[in-house]
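Next come two complexes, and both contain subunit A; in the first it sits with subunit B, in the second with subunit C.
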Partner chain A sequence: MKTRRIDNYGKINRDKILSFRWDKKNYKGFEGDTLASALLANNIGIVGRSFKYHRPRGIFSSGVEESGALVTIGSKDRRDPNVRATTQELYNGLEASGQNAFPNVNFDLAGINNYLGRFFAAGFYYKTFMGIPPLEWGKGTAIWMFFEKFIRKAAGMGSASGLPDPDTYEHAHDFCDLIVVGSGPAGVAAAIEAAEKKLDVILVEQDSLIGGNQLAENDFDNSQIKNQLENLGIKIMTRTTAFGLYDNCVVGLLERVTDHISASNVNIPRQRFWTIRAKHIIVGAGAIERHIAFNNNDIPGVMTVNASKHYLNRYGVLTGKRIVIATNNDSVYETAHQLSEAGANVTVLDSRTNFEIETNKSFEIRKGYVPYNINGSKKINSLDISKSVTINKSETINCDQVLLSGGWSPAVHLLSHRGVKPKWDYNNACFLPSDTKENITMVGSSRGLWNKNDCIASGIAGTTDALNRLGISKTNYFFPKPGGWKNPIQPLYEVKYKKSRSKSFVDYQHDVTTDDVRLAHREGFISVEHLKRYTTLGMANDQGKMGNIIGLSLMAELLNKEISEVGTTVFRPPYTPVSIGALSGRNVGKHFRPLRVTPMHQWNIDHGAKMIEVGLYQRPWYYPKENETLSDSYIREASTVRKTVGICDVTSLGKIAIQGPDSTEFLNRIYSNGFSKLQVGKARYGIMLRDDGIVMDDGTSWRLAENEYFMTTSTGEAAKVMSWLEELLQTRWTDLNVNVTSVSEQWAGVSIAGPKSREVLNNCVDDSLVITNNNLPFMGVTSTFLKGNIPCRIARISFSGELAFEVYVKSDFANTMMDLLWENAKKYDGCLYGLEALGALRVEKGHVTAAELDGRVTIDDAGLSKMASTKKSYIGSAMRKRGVLKNNDREILVGFFPTNLKETFNAGTIVCEKNNIKGQGIGRITSVTYSPELGHWIGIGFVKGGLDKWKDTTLVGADPVRNKQMNLKVVSPHMIDPKGERMYA
Partner chain B sequence: MIRINCPYCGERDHSEFSYGGDATINYPSLDASEKEWTEAIFFRKNIKGFQFETWHHSNGCRMWLVVERSTVTHEIKSVKPSHPDLQKIVENNK
Partner chain C sequence: MHRHSALETIYKVGKYSSSEKQSLTFKELKSLEILQIACWPDKIDEMNNLISKELKIKNIPSFNKGIIFENKSLWRMEPLKWWLFNKEIEISEQIATILDMSHAFTGIEITGDNSSLFLNRHLPIDLRARNFPDLSSASTAIHHVSVKLFKITSNNYCLYIPRGFALSIWEILLETADQFGYEVLER
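And now, the complex of A and B:
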């Protein structure tokens, strides 16, 4: 196979040869190549197949706008689909393959789709999955669902590996005065000017080299510029894309750290996701050359003019021998000259008739000519051309390449991210950036400047603008006017050619043709946002970088409007694709979210605990012995607590220190029950309501001293309650002298429950007198010492319904406390119990937790009306009495038994009347357990009207998700020891 | 990303803060009527432009702040402590 590489051209390093594989064959390229340039050099024309029609696709561009050469890089777990070959740097051992083709891109069986085009027109999916008109036959049926899978598969692009990503990614942060996006002449001028004015500057470039489009010039050398930038202390970030602009001058960057090298080094991340907080942003992101729509304008060998210039001068690849350039503007002539100098036979078709251009006559210029049809399928054989866009006097030129330039589109994307709509410039046939009040300045060709001197001037003006806005200077400046070509551009978006099966592409990757745009118009999708979604124009990987303007111009023509009236779709981040890995960074696997453990976490594990996640906390779930299952274990643990004694880690409860002279008044306002008469040395269970009268949380508060309380909250609501208390004190009751401090991490807590709990504790405290029934009655609190002089707080609080104590020590003493308690509990055949047994014990007692207090439940619904004081006002006291919360048919807390005591049920079961099993029923079961005490399954939950209404009626528990149904008996939620005699023991 | 200039900690990302709500509400006294409370809790203006709102520096100094922010552009005009006494102290220290 002949090479297209030519001597004496390009900036590649010809001393360093790199081997790579393309579709399972070996090839060679040079250091400095992209995959695209290496493929072109090796004369590989077809690199992919299109989305719907599976037409052969070649390389259209030399940059991020590429919509043809999307390939898969790497293999196995490092397989990366839909990579643009034009931006993938070549490395030794690179493995790449074509996509969307079977068996390969050169011979693709699905190429038949090309001839079925009429069935795959715009809106194909919408129409197909609606069923077959007129009766929408088959809509939603199994047959369509069955076909859908195959249709979707046929229209895929590359596929992901499906394996865990072996690479690591990082999040990084930085700050600067000025961030400059783009290192073309404008960006570099701006950065230098700013650095000389002592600003702290970051310069971002998506390419591996700085220079921007100057890299396509044969005499360009960036080393001097690089030295100058570095000497000025500018931070240069290459291979880094500014993918999005956000509020307050925050810029998102994606740095590709190792995508250009073969060896995967575990010590370096593959990509870095940067959040830059700048004071000003200058965008010099350049402009993108557009193609022209005409028949078969997608045959491999079609390319933008500027791309061929890049391939020639940067990579030493002459992309064609007999080249036809089709244009409507001045920008192509330098390239035409250089291509012919490099040995190609060049013809320029310029749609304009009246213009002057200086050339050395080394190539032919045909004024007033346009291309209208390419002959060939896998490569270009010849081009049909016409004088004037209404096709007449046609002629055919033999050629192997067609280069297109339909004008240039400034890259206004980043500004568009900020909601700034670009404005259409009729003279330059492009969208130009509008002004913004934010500290963002557009410079260079991204503000429509086509020559280098104007770009440099705009860069300096941009920095002056920045300095003025930052209040550093007050200098007058002006930007050069948009444009800069000698002859004006003549709008040319499409050359129409009416022949059956002609396909004229607007968006290459998504196979959107000019006919699709017309179909969308006929079917009423005339708003550009509808056009986009109906045809998928601009929704491919390139996000319409090349094709959007053509689509807009066609719609404008159909609507008989100007492009400025049709408008443009909004560009949203990211500018180019960002991998999911980079977004998640290190927050994967066990680092997905923060992990909270109690100070006795390891102690629990060492003593056989199986752990469960509760919010962010790891809590002991159950402590199995030998072959015990979860069920065996929690039933044993719960029974042991009822019979002797059990120990449970309750550290995850929220703990708040409340101090100050107004503490009592404060608590009295936030809890629904009275706190004004709580004595020092006593604790009280309390319920907090929200402003709207719904229960927020429950917990206990212990009066440690006249002006000092220790509050516990539920595990799940701890953070919310803390913020709520701070809000009240800082925004609402600013006259109260109260201080709240979170002490959740400072105290380790344990519950000792069961008839033998006092005896166990007797052996553990320094002075056993302090915990006698007289000295520490139910709800009593004391500050004392565990053996070994360990200061502790003990409260006689019971969640299980047994005689029970909560003991708190400083977190540092957690393990010592556990050792001491466990050693003594063992003497009474006690056990360690986890959350599952704790749940069983509390369900037996009808105690509510987060499963019941779900933000919809009132204090009355929860059966806790006696906790609502009538002698004072408190948060929620007015609103809890509003009509809707006082309805007779509210769901009230009850207990449930299965009528047949051998049956089981699940939380989430819907409670219904026997002859009316449908919808949301009349209630729900929220928590269930096997009750060791009663010997069968029990549950608590809610039912409209409560116990009084249903105690003698058999209801039905419907569980359609688990395909279960059972008869239910409604009972009191207090299923064991309803008078609470045990806990007062 | 919104950047909020906390009077205690300096300019920080909004992800350090939790949004509170309308900062201009005068909550009625606890013994006020259901009607007064209903108005305070449920009726909100939907302002286009600058509004005063509370933010909690929940992953920072844990102070509640009053932020004057544009609902259109996210531009922030002022940030003050919610507590009037603290507001005075911050003002005096400027």
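And now, the complex of A and C:
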């Protein structure tokens, strides 16, 4: 195979040869190559198959706008589809393959689609497969749903590996005065000017080298510029794409850290997602050369003119020998000259007839000519050309390459992200960026400047603009006028093919043709947004960088309007694709969300706990012995608590320190029950309502001193309650001197419950007198010491209904406390119990949790109306008296037994009247458990009218999700020790 | 009395690196003593006078700033809240309330030339010297967990993580640190 690499050209390192594989064959390239340049050098013309028609596709460009050479890199779990070969740097061992083809891109069985193309116009699938008479008679999607999977398989791009991504990604933040996007002459000038004015500057370049389009110049040496930038303290970020601009001068960047090297090291992130917060943004993102729509304009060998220049001068690859350049502007002539000098036979077709250009006559110029049709299928055999005034084939030129330049489109995408609509410039046939009040300045060819000196001047002006806007200077400046060519451009978007069937591509990636745009017009999709969605023009991963303008021009012509009247679609982030991994960063796997543990987490695990997630917390679920199941374990644990004693980690409860002279008044206002007379050394259970009278949370508050309380909240509502209290103090009751501080992390807590709990605690405290029934009665609180001089707080509180204590120590002493308590509990055949047993115990007692207090329940619904004070005002006290909350048919807390005590039921069961099992019924079961004490399943929940209304009636529990139904008996929610004799013992 | 660290099970002293050089060091701050002082809005002047007198310091730190004296330090974490390290103080509740928070946080000292770069892998805080000089503090977040950051010098930071999240955040910090090369020092 002949190489297209030529001597004395390019900036590649020919001393370093790199081996790579393409479609299972070995090839060589050089350091500094992209995959695209290496493939071209190895004379590989077909690198892909098109989206819909499976037409062979080659390399169209040399940059991010590439819409033909989408390939798959890597294999197995590192398979990365839809990578642009033009931006993929070559490395030793790179493995790449074509995609959307079987068996390969050179011979693709699905290529038959190309011959059936007349059936595959825009909207074909939906029109054909939806509502087919007589099966669906104009409506229905069942047939489409059946065929969709086959169609999607036949069309498309590469496929993801489907395996877990082995690479790591990370997020990062940085700050600067000025961020410059793009390192072309304008961007570099702007950065230097700003650094010299002492601004902190970041320069971002998506390429591996700085220089922008200057990299296509044979004599360009970027190392000198790089040194200058670095000496000025400018932070240069190469291989980094600014993919989006956001509010307040925030720029999203994607840095490709290891995509250019072969060795994979999971400790180094593959890509880094940067959030840069700047004071000003300068965008010098350049411009993108457009192609021209004409028949067969996608045959491998078609390329933009500027790309060919890059391949020649940067990579030392002469992309063709007999080259035809088709253009409508001055930008191609330098390239034509250089290609000719490099040995190519070059002919330039210029659609313009009346213009002057200086050349050395090393190539032929055909004024007033345009490309009409390419002959060939897998490669270019020849080009039919036409006169530009009367479109028809006039002659054929034998050639192996057609280079196109239909004008240039400034990269206005980033500014478009800010909602700034570009404006159409007639003179330069392109959209130019509009002005914005935000601190964003466009420079260089991204503001429509075509020559280097103007770009440099605009970069300096851009920095002056930035300095003025930042209030650092007040200097007059001006930007050069858009343009810069000697001869005006002549708009040329399409050369119409006279024959009935044509393939003139507007959007290469999605196979959108000029006929598709016309079809959209005929069918009424004339808005550019409708056009886009109907034809999918601009919706592939190149986002219409090359084809959008051509599509808009066609629609404008069809509507007999100017392009400025038709407008353009809105460009949205990202500018180029961003991997999902980069968006996730390190928030994957076990770090998907932060893990929260109690201070005795490891202690619990070491003692056999199986853990369960409760919110972010890891809590002990149950402590199985040998072969015990969850059910075996929690029943044993709950039984042990009732018989002797159990220890449960309750650290996850929210804990709030309430301090200050007005603390008592504060509690009195937030709780529905009175707190003004609570004595020091006592705790009280309290209910907190929302403003609308619904229960927000419940918990206990311990009066530690005259003006100091220790409040506990439910685990799930801790953060909400804390922020609620702060809000009240900061907005409503600014007159109260109260400080609230979360001390949830400061204190570790356990519950010791069961008839032997006092005896266990007796052995653990320094002074056993402090916990006698007299000194520490029910709801009593004391601050004392555990043995070993561990300071602790003990409250006699019961959630289980048994004699019980809650003991809190400072977190670093938690393990010591657990060792001490457990050592003594074992002496009484006690147990450690988890959340499941805790739940069983509280359901037996009819104690509510978040399962019951779900944001719909009032204090009366929960059967706690006695706790609603009538003597004071508190949050929710007015609204809880609303009529709708006082209706007699509100659902009231009750207990449930299955009528057949051998039956089980589940939380979520809908409670219905017999013979009326439908809808939401008359109630619901919120919590269930097997009751070790009662020997059968029990539940609590709500039923309209409560116990009094249904206590003698058999109801039905309907569980349609689990296809179950059972008869229910309504009982009091307090199923064990209703008088509380055990906990008062 | 032995205090059990939140990092006890995973704190492994040693040098760790995917590169040859260790440019970061991590050290857990042992036996933290943190006293939170929360002042009433109309008592700021009295508070400043009291602090100045009790701690024998002339310059009371402003919001998000700190002062280090002897082996103690005082940081103004919120407009009305200070953290006092390694020192007890008595204050009338008519001026402020005090609260022991010594067990609520895990403190990590991070040192090294790349410490700012490393921290910005997680923290959206401008750590450049002119915006975050030595003895600055910030309340910010790592992986959605609220943390406190103190800058001691340009290459030396202290990070305070809520104790219950310390295990998880420690792991994620070290994963990030691996690219820089790091060493975990004795506590």
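Basically, the second predicted complex is superposed on the first by the 903 of 985 C-alpha atoms of A that agree within 3 Å, B and C clash if a C-alpha of one lies under 4 Å from a C-alpha of the other, contacts with A are read in each partner's own complex, and residues count from 1 in each chain.
One rule holds in what follows: contacts are C-beta pairs under 8 Å (C-beta built on N, C-alpha and C of every residue); 3 or more make two chains touch, one makes a residue touch a chain.
Just so it is clear, the model here is predicted, and its values are computed rather than measured.
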*Just subunit B (first), just subunit C (second), both, or neither: which does A:D435 touch?*
neither
*asked:* Contacts for A:E823 in the overlay, against subunit B (first) and subunit C (second): which applies, first, second, both or neither?
replied: neither
*asked:* Which partner chains sit in contact with A:P269 here, subunit B, subunit C, both or neither? Use first/second/both/neither.
replied: second
*Is it subunit B or subunit C that touches the larger share of residues in subunit A?*
C
_Which superposed partner A:G660 touches (first subunit B, second subunit C, both, neither)_ = second
_Touched partner set for A:S723, first subunit B, second subunit C, both or neither_ = first
_Taking the superposition on A as described, I'd like to know which of subunit B and subunit C A:H171 touches: first, second, both or neither._
second
*asked:* For A:D247 in the superposed arrangement: first (subunit B), second (subunit C), both or neither?
replied: first
*Thinking of the overlay built on chain A, is A:R277 touched by subunit B (first), by subunit C (second), by both, or by neither?*
both
*asked:* Let me check the overlay on chain A: which residues of subunit A are in contact with subunit B and also with subunit C?
replied: 275, 277
*Tell me, which parts of subunit A touch subunit B in their complex?*
246-248, 250, 275, 277, 437-438, 669, 691-692, 719, 723, 726-727, 730-732, 734, 873-875, 877-879, 881-882
*Once bound in the complex, which stretches of subunit A touch subunit C?*
168, 170-175, 200, 265, 267-269, 275, 277, 586-587, 591, 593-599, 601-602, 617, 657, 659-661, 707-708, 737, 739, 741, 743-747, 788-790, 810-816
*Touching residues on subunit C, where the partner in the complex is subunit A*: 1-6, 8-9, 18, 36, 38, 40, 93-94, 97, 99-105, 120-126, 128, 131, 143-145, 162-165, 167-169, 171-172, 175-176, 178-179
*Which residues, counting only subunit B, touch subunit A once they are in their complex?*
1-3, 13, 18, 20, 23, 27, 29-34, 36-38, 40-42, 54, 56, 58, 62-64, 73-74, 81-86
